[in-house]
Amino acid sequence: MAEKRFVYADNAATTKISDAVFDAMVPWLKEGYGNASSIYRKGDESARALNKAREQVATALGAEPREIFFTSGGSEADNWVIKGVAHSLAAKGKKHIITSVFEHHAVLHTCETLRKEGFEITYVPVSDQGLVSVEDIKNAIREDTALVSIMYANNEIGTIQPIAEIGAVCKEKKVLFHTDAVQAVGNVPINVKEQNIDMLSLSAHKIHGAKGVGAMYCRRGIVLPNLIDGGGQESGKRAGTENVAGIVGLGVAITNAIATLPERTARLRVMRNRLIDGLLTISHSRLNGDREKRLAGNVNISFEGVEGEALLLTLDANGICASSGSACTSGSLDPSHVLLSIGLPAEIAHGSLRLSLSDETTDEDVDYMLSVIPQVVDKIRAMSPLWEKIIAYS
Amino acid sequence: MAEKRFVYADNAATTKISDAVFDAMVPWLKEGYGNASSIYRKGDESARALNKAREQVATALGAEPREIFFTSGGSEADNWVIKGVAHSLAAKGKKHIITSVFEHHAVLHTCETLRKEGFEITYVPVSDQGLVSVEDIKNAIREDTALVSIMYANNEIGTIQPIAEIGAVCKEKKVLFHTDAVQAVGNVPINVKEQNIDMLSLSAHKIHGAKGVGAMYCRRGIVLPNLIDGGGQESGKRAGTENVAGIVGLGVAITNAIATLPERTARLRVMRNRLIDGLLTISHSRLNGDREKRLAGNVNISFEGVEGEALLLTLDANGICASSGSACTSGSLDPSHVLLSIGLPAEIAHGSLRLSLSDETTDEDVDYMLSVIPQVVDKIRAMSPLWEKIIAYS
Amino acid sequence: MAMLYSDRVMDHFSNPRNVGELTDANGVGEVGNAKCGDIMKMYIKVDKGVITDVKFKTFGCGAAIATSSMATEMIKGKTIEDALKLTNKAVVEALEGLPPVKIHCSVLAEQAVRAAISDYYTRLGVDPTPIVGEIGDCHACEH
């Protein structure tokens, strides 16, 4: 085996704060502690810093600053939009929501809560390549549809959805359209106006920002009830003393992500393809999700006869941080709902590996993974009674 | 006037992150970036850090670690508890909530949202000394009361409420009891079990922790619906990738606050009393809120004929950061609801000054404020037509 | 929501021009607004139709004090006719703007000038209404 090294290949779960972001945050964790609502200059400085970050986020999305609201992360943004639209349009008799079967749990569980409250949810299926069909959305829209919520890029298999097309359909049908873009922002060019996105969720820690900070874009004119009531922060739409350091960091993170997007994705795509091709030489393996319409840094491959947790622990012992299923559920034993949604049988879904790359990933990291993973798969298969059967019957 | 210095006397709005907290946070903003839900060691380290912080917060409150849930701050905790209890008990026909007229907006505006949804809210009054009466609470409790929510210490006038007594009444009457302890935690000894507190909100940035992180204590056995649905974080009760650095910082901040509580409050009480006595020598001034039952670091005084914003801006020009009314509303034009609640006429409420001290406040800071504030009050009064009248008629 | 006042506002707030009373004033106007409880009192000395001296006292926020100060500077040495043309918009512009929530505070300064001129005419035995018009309440807010 190659000389052991540390390879962090779980950037879809979270990323390392970049030096630029860290350096931008520190002053606000030290001397810049003024409350942005305070009247004195020390408070003003914080307010100005928030305004700048708001402009940066708006610019990154093609939105206006007043359409950006900071949150504690992607989950809060998803909850805010979906519960807010549902409760506000229910008064007008619109109690139907359309989403897809393979959304993040922040969307799925929120919809489930609404279903228990009496809303009706249509879960459109996804193809075996992990793509939502625009036709399906169009057909699902009814008179009483309040919201369509479709993720921009899937967190497990990295497939990129036809967002502009869905946006156009929703616009035509006059239905609000939200996209959970937590995995897409900074990795795919986004323009909310051109793509007819009404609301969008994003999270800083997926783009080398801090954990616990995110933002919600809400097109001007849409009336969204608050999820968190209280003080007048965020134009009275989201209460709570602002996490100035985290928000400043998000501004820097998103600006850098957009600035480096073309080169980075070009570079990552080469590494990703090298990983896919290399790992697919392992027998009884398959790539999950469309090969082209996928995030530049996402690899998701299933190995028959391999159990995910054993695979991850052995990779960890070899210095490789990776994931199997989404981060939030990797403590759970259920096979990933995403992999089941694209038609994988449970036992194969269990044996899947997600490698997610970032700016910091190097060619040497890729070489190392390509040398280690096949051996680890072999080792686990060697002690798997399931593998015995698979080769016996194949 | 004394030689100019910088005096931060707005610690009730927010505090400076202490060096100990900053140093504890940095590793988690740098190398400790693993997602706490991930299976590899880098994720485990984050999970362990969260567990440690949870134990620290639990210890500080006399609670169990599994009763502590991390949030994005005090406002989220208040919203979670109040909306959660309301929606969950509404199913049992309990649609009545009791709170006080001078709660923080995170509580008041949340209750207002619920009122619009059809809940009934009783706002108990407070005395001219800024104290809630236990009798009033007792009398307000009905068959259909779902929740009593009374703040532990008021954020503007610092008065400390009879929480244990209210807890006992609620226990006897079998009504859930929540306290917004954002201003009290770390400044007053708290034991949720002895004081019969069922739910409690706190925020890190008031005790030298970071902005955008807080916690909610919920007594074991109480079923509280989620405010933020999604991933399995916080035992499935609060979704979102955890702000590990902020939470670790909160653990350190609360531990330090508790450890230094007796000495600090003794020291602050002396400084506070010196400020109160000194400022009350200014003619036509009054102390707002009970003098004894108040936070050791809170001073709140009204000066007739003085307008609050002009006062704050002039103090700022002299290096003093202070507040008039609560931080979240100091941009607003309405006189503070807290000062009105204790019976101040609007024009006197407008001319109030809150000085809030902390660990970092020195005797020299107090000397400086005592030399500057009377002169500033004089200067503003000299150009106030209202002051002319006040002295003419007195 | 911190104030984000311009440097000019802060200058006029910190060093207000023409503060005080005019003992020999021949026009004094006092206006107040319902919502904020703020009061502005303006003293003018008129000589041959020209405002030769002006002083003010204001109980109000930073914007109220800065606009009072700026308004006095803008009418000093002007004819009554010109002073009546002073609008709160002109005062705000001269101050390089005010935060949106503070625009209403500038209305007070415009009203105080008109109230003082109105008093000047009343003292002369002239009905001010046709010249000055109704002073009325602040129209800046929909309360």
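A, B and C label the chains in the order they appear, each numbered from 1.
Methods note: a contact is a pair of C-beta atoms (placed from the backbone, for glycine too) under 8 Å apart; a residue touches a chain by one contact, two chains touch by 3 or more.
Please read all numbers here as calculations on a predicted model, not as lab measurements.
Put simply, the chain farthest from chain B by mean CA position is C.
Here the chain at the heart of the shown protein, by mean C-alpha position, is B. Centroids of chain B and chain C (each the mean of its C-alpha atoms) stand 40 Å apart.
Centre-to-centre, using mean CA coordinates, chain A is 56 Å away from chain C. Look at where the CA atoms of chain A average out and do the same for chain B: the two points lie 34 Å apart.
Multi-chain contact residues, meaning those touching two or more other chains, occur in chain A at positions 37-40, 43, 232-233.
Of all residues in chain C, those touching 2 or more other chains are 1-3, listed in ascending order. The part of chain C that touches chain A in the complex is made up of residues 1-4. The residues of chain B lying in touch with chain A in their complex are 8, 10, 13-17, 22, 25, 29-31, 33-35, 37-43, 71-76, 78-79, 104-107, 109-110, 112-113, 203, 205, 210-213, 225-233, 239-246, 309, 312-313, 315-316, 321-324, 326-332.
Contacts from chain C toward chain B in the complex involve residues 1-3, 10, 13-14, 16, 19-20, 30, 35-41, 56-62, 64-65, 101. In the complex of the two chains, the chain A residues touching chain C come out as 36-40, 43-44, 46-48, 232-233. The touching residues of chain B, counted against chain C in their complex, run 305-310, 313-314, 317, 331-335, 346-347, 350, 382-388.
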